[in-house]
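Okay, so chain A shows up in both of these, paired with chain B first and chain C after.
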Partner chain A sequence: MWQSLWSQIMDLTLVVVMLRFMTPILLSALGGLISEIAGVINIGLEGLMLISAFTSIAVGSATGSWVLGTLAGVAASVMICYGMGFFSIKLKVDIIIAGFAVNIFGSGFTIFMMSRIYGVSGNYSPSGLNNIPAINIPFIQHIPVLGKLLSGHSLMVWIALISVIFCMLLIYRTPYGVHLRSVGEAPEAAKSLGIPVNRIQYSALAWSGVFAGLAGAYLSMGMTSMFVKDMTAGTGFLALAVVLLGNRNPAGIFFGAIIFGLASAVTTLVQTTPGSPIPSQFIQMIPYVVTIIALVFFAVRKKRRRIVLAQG
Partner chain B sequence: MKTGNATILEFAGIAVAVILALLCGFAVILVTSDEPLNALASLLLGPVSNLFNIGTVLNKAVPLIFTGLALAVVFQSGVFSMGAEGQLYAGGFLGALAGVYIHGLTPWLHLPLVLICAMVGGALFAAIAGLLKTYANANEIVTTLMLNFVAILTTSYFVNNMFKDPNSGGFARMPYVNPEILLGKLFPGFPAHAGIVLALLAVVVVYLMLYKTNVGYELRLVGKSSRFAHYGGIATNRVVLTSIMISGAFAGLAGIVEILGVHGTYKDNFSAGLGFDGIIIALLARNHPIGVLIAALFYAYIQVGAQTMQVGSDMPREVAVIMQVMLVLLVSSQAIFVYLKQKYGQKAVK
Partner chain C sequence: MSILLQMKDIHKVYPNGTAANRGVDLTIHEGEIHALVGENGAGKSTLMKIMFGLEAPTSGTIEYKGAPVTFHGPKDAIRHGMGMVHQHFMLAPSLTVSENIVLGEEPRKGPLSLFRDRNKESQEIEKLIQTYGLKVDPQAKVETIPVGQKQRVEILKVLYKGARLLILDEPTAVLTPQETDELFDSIKALIKQGYTIIFITHKLREVMEISNRVTVLKAGKTIATLLTKDTNPEEISRLMVGREILFRVDKQPSVPQDIVLSIKELCASDDKGAPALCGITLDIRAGEVVGIAGVEGNGQTELVETITGLRKAISGEIRYFNEELIGKSIAQIRAMKIGHVPEDRQTTGSSLTSTIAENLILDHYRNPEFKWGPFQSKKKIKQFTKIMMDVYDVRAQNEDVMAGSLSGGNLQKVVIARELSKNPKLLIASQPTRGVDIGAIEFIHREIIKKRDGGAAVLLVSAELSEVMALSDRIAVVYEGEIVAVLENSSELTEEEIGYYMLGLGIKKQKEEVAAQ
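Showing the complex of A and B:
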């Protein structure tokens, strides 16, 4: 068992699997980050991903185009986010409750549509689906270690990595980012400065819809080629955890997503290795426990800082 | 007089929200079904069409009443816990251990012991989130969501590896509980089990606790204004911890009653979201124990209706989910309720 795990680390299988698991977590965590920064905590990532995963595979298989599929998935997810915004900003539903509702809706609605459109209840796997393509980099793909490390990953893996940089620029280098942060930190002050608080919060939710949408499309058209009911299986909650673990910072989130991706990858490897001595449940648990510890750590540090400030 | 009016308005608002949510579901059925009348009829009348279905409604309502109460208590203290699901597993697990592995007690001693174990299990597990909140100031929404996974995975490990019934034929479950302590049917030929009696009892207990005791008074005060309560000399941290643990105890009861009434033993992943349904129940009930009873019965009615509809027509039962979502959103819309109060509350005062 150890030997087989070790050999999979050595031949970089672990890294490849880690990247596959990291991508949806990273993308949806970036979405969660933007809305969190604007003060609208989106716990509906799980539901958004499901809706996007279903929409993108439905459109993707009907049109034969992964581009249209992905776009449709993102559009559906953004639409739900606007709905969420309507209920939370306009009708003053608590944002946590709105996100909770989106999660129930995502699960139920996709099962409903699957049964109405395709007449199946468990999973839908269309034949001849064009998945989001893998990128094979010429020359590099033939170099032994570098080839496996860099080449042959899904396009969405690269989009996720680029998104990290995109979010950094968006949040810290644009006027819009300043607005986002000020709305999140002091909405009253932002309002008095003439920043349209509601519009910024709507747009932050829309951004979280975009990224959760990309993550969902990858789940059904990249990681797999099918839609399975409740296929997110907690990815949205992991993403939520990553946002906090990464201390609400794109770079931190990137590392958080790597840790969680690694934990998921090891879980799969352990589960598929016969006679494993480590119970997979405990490896699966690592991300959640790490998050709780990190939360405590951040909270304690914040408290100390406040005490220091008060004394100073 | 004024508060009476406010209550009536609140009640009317919730009723309107319920009707609107139902109408949304009806609209979906009318648009997408090929036999809409048939589907509607089995959705609305199915649950009361025979004794068996009525019993099923009661059975479905039982765990929802317990988780609804659990969340109503903790919400009243201003803590937004989403941890009932995990506490339900922790409590159900400990209770089931006591039910399966303790032998030789008379049922009259054994059953209370099992129930107490479940309450202790739920309360202790809830205490983790409580301590994290009170001592480390960690956001309870996130910690409880994470702790749910911890509870589900840990119990799953135990039931798969240590307490698995060797004769279970591959299913991840414990050996069956001593049949004498199972919650049997209320009447022969009527499937409702005795859990409903315990649930009604729990409603009364929570009502008395919240509105007639010091603990309940402090708990509600902290929920209304933590700072005010603090200046009033209430140890808010202790109150918050107590309310989270009481909530955990009721979630644990939800687990064990479901085990003793329906499953007969602890099964891996037996809850499938009862703790989350409890959130909806508590929201619908405005965190009032009697409201919880009504909301849980209504919710169970819709669930059984959706099932009979799935069997009796071309509509899948997930239509009910659309109604649930609308219900949650409309009932929690403060804007609508504030508007109602401003418009009709003023008139009533004049």
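Showing the complex of A and C:
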């Protein structure tokens, strides 16, 4: 068993699988990040991803176009976010409660729609679905190591990686980014300078909808070719852990997502390796154990820094 | 000098009926430092909010550079070249100094660009820092710099926005003396460059040191505008605290008996951990009212909270009939027949979402007189409440009305009823008549005197000097956490004399006398 696992690490299968698992975590964590920075942390990522996953596969299979499917998924997710904004910003409902509502709604609504539209209850896998395409890079795909490392990944993997850079530019290099940060941290100060606090917070929620939407579309039309009820299985919550772990900046979140992607990849590889002596239930715990360890690590580091600050 | 800003007959009545401004006139000349002084609640902050477009006046006109203007928000005021440095810093801690300064008007790479031009940003800020000598590191995060520098960031912020008229709202409240001196240097530098400054404060030393003219507000009205060089601190303090409403309380001279409460060398800190009380020593006897006079924020709140167990003392002792109160729980202290009317009836004094009946028995609901076996007896509570509402003249439909729906005066009567009905041997009344109508004020005053005549010791704290003078037998004046004078209340005692101590002038004079000797 160890031997076969080792060989998979050596032939880069682990990296490829890691990238597949990392993508939805990374995308939704970036969404969570922008909302967190603007002071309206969106804990409804899980529900948003489910809604987007279902919407995109439904539209994708009906139209035969993955582009339309993805756009529909993102649009649905953004719409729900505006709804969250209406309740939390306009009607002053606690944003955490609004997020929980979205999570519950996302799970229930997608199961309901699946049975209403397709008459199935567990999962829906349309035949002849046009998945989000994989990008095969000419020439490079034939180079032994580089080929496997760079070529053949889903388009969404690349979008996720580009999104990291996009978010860095957005948050640190644009006036809008400075406004986001000021609104999240000192809304009174922002208001006194004429920055439209509410509008900025709406837009931050919309961004979280865009990224959660992309993550959801990838779940049903990239990573798999089907919608399974509650298929996110905690990805949205992992993403929230990554937001905290990544110290509220895109680069940190990228590394956080890699750690969790790696944990999930190891889980999968061990599970699919024949003759594993470890009970599968224990293996499946790995990502969650990593979450707990990561959060403890985060808390300790934060405490230490506070002590240093207090002494300095 | 030409007139830059003129506010005429400004009135502001808030929806809840509070009249914060009742006819304010203010004229600002170009290039002057104009001090605006007045006690807390005199209407300074409201006036500034109106000036800066944060609030609309109920009536009155504002003229800026000779033309009438209406500001619909701070943006309008900023566009006209006004800038406000708020008392509480309006800064985002994790952003850099430079990001905070340009916030809202970031330079961009070209007019249509989406990106910040960070080179231009740092050049412009460097230029500002050089021009005005406001030294601060533009790349440092705001959370890492000291208070004095944060204030410079605030000033740079309004200068960057192109302000020519700067409003500084109690800028020295959070500064050390050295930082204050540096601030004054910067202000003088700004005046040389043609800026105009409105300086809000209640520290007269600063008024005398830096201003050209001074306007005194009292109870929402302009009392006077004076040339600083033609006046003196005594005149300003007389104008600031001068008597307006006369409280008339019929009372006999007090007959003080044994010491009830004895405070020795008491020290405590405020919510931020800064020292708020230092070395308070005070005795209160049965049958007398001791009033605490002082400008708000000089330790009165902390003193009351420490005695009643809401705040931990750092050192010293508080003896109540020879029993130490420090270290006892709030419930224990309340059980010792100590009544406490808190300064804020809405947050500490009552539970707004409970009924009148529940509020009246809040601290003695366990008392067997309200019980039926192990249960609360609704009937007994109702009986008690009915009597209380009758005796203390609480006007409400019935005893099940929510406390939150009562008017200020009626709610205060509920609090008074609860605290007085337990026949306290010591009554601590903090702002007992704040914001209540004249009728209720008279009633509450009578009740307090009744308790005194019944042999209770009373500690009265009030921001209203005339109230302190009307009720107290002795007056202790606090200034910056210390008792600077204890005065026997007699007909010879004037508000001016108390005001003199309230503003810390007494200490200064003593020091000068010591120095002269």
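Operating definition for what follows: the second predicted complex is superposed on the first by the 276 of 312 C-alpha atoms of A that agree within 3 Å, B and C clash if a C-alpha of one lies under 4 Å from a C-alpha of the other, contacts with A are read in each partner's own complex, and residues count from 1 in each chain.
Here is the rule we use: a contact is a pair of C-beta atoms (placed from the backbone, for glycine too) under 8 Å apart; a residue touches a chain by one contact, two chains touch by 3 or more.
Everything quoted here is computed from the prediction, not taken from an experiment.
More residues of chain A lie in contact with B than with the other chain of the pair chain B and chain C. With both structures placed on the common chain, the touch criterion links A:178 to chain C but leaves chain B unconnected. In the superposition on chain A, A:234 makes contact with chain B only, while chain C stays out of contact range. Contact with neither chain B nor chain C is seen for A:269 once the two complexes are overlaid on the shared chain. When the two structures are aligned on the shared chain, A:93 is found in touch with chain B, with no touch to chain C. Once chain A of one complex is fitted onto chain A of the other, the partner contacts of A:192 are limited to chain C, with no touch recorded for chain B.
In the three-chain superposition model, chain A touches chain B and chain C at no common residue. Across the complex, chain A meets chain B through its residues 41, 43, 87, 90-94, 96-98, 100-102, 104-105, 107-109, 111-112, 115-116, 121, 234, 237, 240-241, 244, 279, 281-282, 284-285, 288-289, 291-292, 295-296, 299-300, 302-303.
Taken in their complex, chain B has these residues touching chain A: 32, 80, 82, 132, 136-139, 141-143, 145-147, 149-150, 153-154, 156-157, 160-161, 276, 279, 283, 316, 318-322, 324-325, 328-329, 332-336, 338. Partner chain C is touched in their complex by these residues of chain A: 169, 173-176, 178-179, 181-182, 185-186, 188-190, 192-195.
Within the complex formed with chain A, the chain C residues making contact are 73-75, 78, 84, 86, 89-95, 99-100, 102-106, 108, 114-116, 118, 161.
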